[in-house]
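Right after this note come the structures.
There are two complexes below, and they share chain A, which is joined by chain B in the first and by chain C in the second.
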Partner chain A sequence: MFFQLATSGIATGCAYALIALGFVMIWNTASVVNFAQGEFVVIAMFVALTCHVTLGWPLWLVLPIAVLIPALVGYATERVVIRPVIGAAEMTVVTVTIGLQIVLSDAAKIIYGGQPYSFPPLIEGRPLSILGIVVPRQSLVVIASMVVLAVGLHFLSQKTSFGKRLRAVSQDRETAKLMGIDVNRTIAEGFALSAGIAGVAGVLLAPIIYVSAGLGLPLLIKSFIAAIIGGFGSYIGALIGGLLIGVLDNLVGFYISSHYREVFTFLVLILVLLVRPQGLFPHHR
Partner chain B sequence: MKRRNFLSYLTAGLLALAYLPASAQEPVRIGLDAVLTGPGANNGERIREAAQWAVDLINEKGGVALPDGSKRPFELVVVDDQAKPDVGLSAIRRLVGDKSIVAFMGPDWSSVTYPTLFVGAEAGIPQFTSSVAQRITQEGHKHIFRARSTDTDWMGALADYLVKQEGKKKLGVTYANNEFGRSGRDVFVRILKEAHGLDPVVELSYAVGDKDFTSVAGRMIQSGVDVVVNLGNQPEGALLVKDLNNLGFTGLFAFNSADSIFLDLAKSNAEGVVGPLSWVHTKPDDKSKAFNEAFQKRFKRDPIGHSVIYFDAVNMIVDAIGKVGPSREALLKYLKSLDTWAGVQGTYHPSAPTGDMIHASVVIRYNKDLVPEVVSVRD
Partner chain C sequence: MSRHHPFYLAAILAAIVIPPFLSDYSLHLVIMVVIFAILTLSLNLISGYGGLISLGHAGFFLIGSYTSALLSVYQGWPFWLSMPTAILLTATSGLLLGFPALRWTGHFLAVITIAFGSIAQLLSVNWVFLTNGIDGVSSIPRPPLPGISLTSNVNYYYFVLICLAFIVYLMMRLVASGFGRALRAIKDDETAAACMGIDVAVTKVSAFVISAAIAGFAGALYAHYIRFLNPDSFSLDVSIRIFMMMIIGGTGSIAGSILGSFVVYVLPEVLRPLQDYYYLIWGVIVILVMLFLPGGLISLGSVLRAKMAARRDKLDPQVGSTETLS
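What follows is the complex of A and B.
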């Protein structure tokens, strides 16, 4: 049962990891903690729901749209909401992103109501049995997607001009500007990319946890903790932190009680902050 | 001359208007408080449409009949409580404050009904609710009529079905850690012990909003139960049955919210799921069949339990108005003296001292086509 629980936790943890990854990307490029990150997940979910379930569009068409639209919203968010307050007091920026989270969440509730909606699995079929461990196909899709995305992001970061601009801006914004990099544009593109990653998480999670307007905040909290545990600003840390929380959730739920999941998540967070405040992998940016 | 003629006609016209029956101007009004926005709005909209449909049918027959045989137009005044007690309080005050409203229906959510009970009680207006919390009818209010069976009825029917009909002895109980889940658990465990001498093999609670039920499902399977009885809300129930199926659970899944909302979420995982309901559209009696047919014709889909509850409530009020007229006091007095009233859902007992008018329930089981087949009926 231990391995069964751990495997299931890894799938959920992958989703946390993806959201945390987006968190970290925005922090690294714009020095902004975006508390609306969870809402980009919800936007992707509802776009997928509307296009696939309501309008009946095929999944191969819906999935890119469901990732693209949060990316566009992310880009617009940077231009309209974040850019005017970049450089302002930290509390101002935090308040703006909290406000944005509330606006986006309430907008989703007004449009879709508070009730959950089911979303069909991305891959049909009975769960697979691997070495005696039952693995739903949807979990395999989540795990595989995260691996592909992590490799893709590494490639993007190291080998492309966009990735190099992102890294330059995150390392030293002033020097990057002196080197001729359009910093504002790069930050906006970073926002779009991080919202797009959240969109991927949304599409992957929709068949597993149902689509609902109130999901953004709980996902945000778990992912935020994952990013801190991993070392805020560290991509590897965000991934490991997400997986750790996903697995811990399930193990605590089984061996202790599902009511103590949050307690143990926060205990681990406190422990990490006390013993290793820089996080588990602080240098992998 | 012309001027004098005109004045004569005008006077005659005014006199004629003044002596027209009141029905031409003043409809008989009843109120409805439902959740029309926010969480639960789906259910609220189904409640509103059923009540409005019942009112429309009355108007199609010329209006609501009064004791003297005359008829007046019938009107439904609808307010929205958003499933929030504070919003519900002001919504119900609006209904009760309108003296032309002779009775009202709602709220549906116990969390709104309970704290607002005093408004209807003070006004002495008949109130019909579909809320299930026990305490709503246990505090001595004389104006409240519950038009739906409660936890106790449902759990009794479910326990009987599982133990007597299915012959199951190893039952595990999971429940949501909220008022609904805890009260469902308390009632089910008590009835299981009292009526069948059984204790659950294992009991587990979970938080509302949990998304991964692998650990709960794993614990249930490990304990070797042959039935998982889940008491809580639809989203968590749908996720739990999915994880149980994923882990290869072959026993029965019984659920106290196995309604159409659950079915929408659980999809094929709902096959074989058993659950108690106050009424279901596949109930095989003649009245249910006729109602279902008419509803299908009107709305092109299946009615839900709430459709019948509010359809019946409107018709019960109409029948009472026909006996004693459109007055709050007279209606309340009459209903409290009425022993039985036959509706679609079953036989109601408005004179029941607590206000619990009906105890009818069914146990359904979703077949392979995901149709809720009635496997047990309790009137």
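What follows is the complex of A and C.
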């Protein structure tokens, strides 16, 4: 039973991990704590829902659109509301992203109402049985997507010029500017990329949980905690932190009490901060 | 400060004279504005003056409300005993939360305080034996006062207004005191403050304790006003709302906190004809205020004056203006 629960926790954990990854990416490149990160996930979910369920478009067409649209929204929000406050007092920046969160989540609520929607699985078929553990195909898709995405992002950041620009800007914005890097453009593209990653998380999560307009903030807080547990600023830390939170959630929900699920997430956060404040995988700038 | 005196005087006069003529619903709104103003002031102490972000003030508000409510409903304690106990208990919780604040600032502290607020709310839902869970606590009595019945909302309004006046006085004294200066010094530069002989740890923790105590006081006032409590009134949204009140009004300004509470509480009511769209528009307003008035609404006057002075300088480059310097 333990392994069964842990495996199904990994699937949700993968989604948290991706959200945390995008969140950390924005923090690293722009020093912005983006409270609207969860809303990019919700946008992707609703785009997928509308195109796939309502309009009946095939998945191969729907998935890229559902990732692209949050990326565009991310790019646009950076240009319009985030750029003017980059470098301002932290409280101002936080307030702007909270304002953004309110706008995006309420727009979703106006369009789709407050009720939850169910989304069909991305892949049909009976659950597989691996070493006596029943694994739904859906979970395998999620895990595989995360691995592919993580490897792809690693390649992107190490080998491509965009990735190098992104890393240069996160290491030192001033120096990057002196080296001839267009910092503003890089930050905007970083926003688009991280919103796109959140979009992938949204597409993967949609069949696992019910899609609803109010999901953004809870998802954000989960992945925020995941990022801190993993070591804030570290990409690998964000991924592992997300997985840990997903698994822990499931185990606590079953073995202790589903009412106290959230309490335990927060307690783990406080415990990690007390015992190992730099996180599990400390980030070195 | 002196320049604004007519405005402040008019606002105070309006706060005293107008409420008896308001409708029941408007009166309810202004009572809530006053209670939230006390809460916002408590947040302003640690965030505005101390630079420590807290998104968990609903937690203190909850502890204050529930303590006073439970003691008076189930133990039969009078308000004048249950309220100080509520303050004492919230102050203790502020002490607990003050220690993490020693080590973490910025977004780390924001998450820790979110965690605190959420744990408090989840426990109030799940500890049914204590809080009655989601069914809540009902028939909380109004505070007894010899000669005056606080069951009338107009009287209760004046009661909370006097409480607010007391808290404003307290805050003004605190901010002007050595403690207030130490707090602002820490906000500007912690290391430099420590070098000047300021005990950073004691100052930060005391700021948290005082802030929590004031929030607990607001909680008690709320519980005995609304007379029914359930965990819904203390969600993360409430913490965010208090934070917004402080930021929109103006961080580090007492008048700003009160203005912010008024605007944030009353604006949704003004926007109500827009129905579903009002929360969205509220979000847009928040962003616009931050983009164009990062000092909050309270800075509107000085920003406009600086703009006008700059314009005058442009028109007449011979004459330098002193306005922009002040």
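Just so it is clear, the second predicted complex is superposed on the first by the 283 of 285 C-alpha atoms of A that agree within 3 Å, B and C clash if a C-alpha of one lies under 4 Å from a C-alpha of the other, contacts with A are read in each partner's own complex, and residues count from 1 in each chain.
We take it that contacts are C-beta pairs under 8 Å (C-beta built on N, C-alpha and C of every residue); 3 or more make two chains touch, one makes a residue touch a chain.
Everything numeric here is computed off the predicted structure, so don't read it as measured data.
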item	value
Which superposed partner A:5 touches (first chain B, second chain C, both, neither)	first
Which superposed partner A:249 touches (first chain B, second chain C, both, neither)	first
First (chain B), second (chain C), both or neither touched by A:134	first
Chain B versus chain C as contact partner of A:259, first or second or both or neither	both
Contacts of A:103 with chain B and chain C, given as first, second, both or neither	second
Which superposed partner A:123 touches (first chain B, second chain C, both, neither)	neither
Which superposed partner A:151 touches (first chain B, second chain C, both, neither)	neither
Larger contact residue set on chain A - chain B or chain C	C
Which of chain B and chain C A:85 touches, first, second, both or neither	second
Chain B versus chain C as contact partner of A:94, first or second or both or neither	second
Set intersection of chain A contacts, chain C complex versus chain B complex	109, 259
Residues of chain A defined as touching chain C within the complex	27, 33, 81, 84-85, 88-92, 94-96, 98-103, 106-107, 109-110, 217, 221, 224-225, 228, 232, 259-260, 262-263, 266-267, 269-270, 273-274, 277
Residues on chain B engaged by chain A in the complex (per definition of touch)	37-42, 177, 204-207, 209-212, 214-216, 218-219, 222, 234-235, 238-239, 246-248, 261, 264-267
For the chain A and chain B complex, residues of the former touching the latter	1, 4-5, 8-9, 12, 109, 113-118, 120, 127, 134, 136, 208-210, 212, 218, 249-254, 257-259, 261
For the chain C and chain A complex, residues of the former touching the latter	47, 53, 100, 103-104, 106-108, 110-112, 114-116, 118-119, 122-123, 125-126, 236, 240, 243-244, 247, 251, 276-277, 279-280, 282-284, 286-287, 290-291, 294
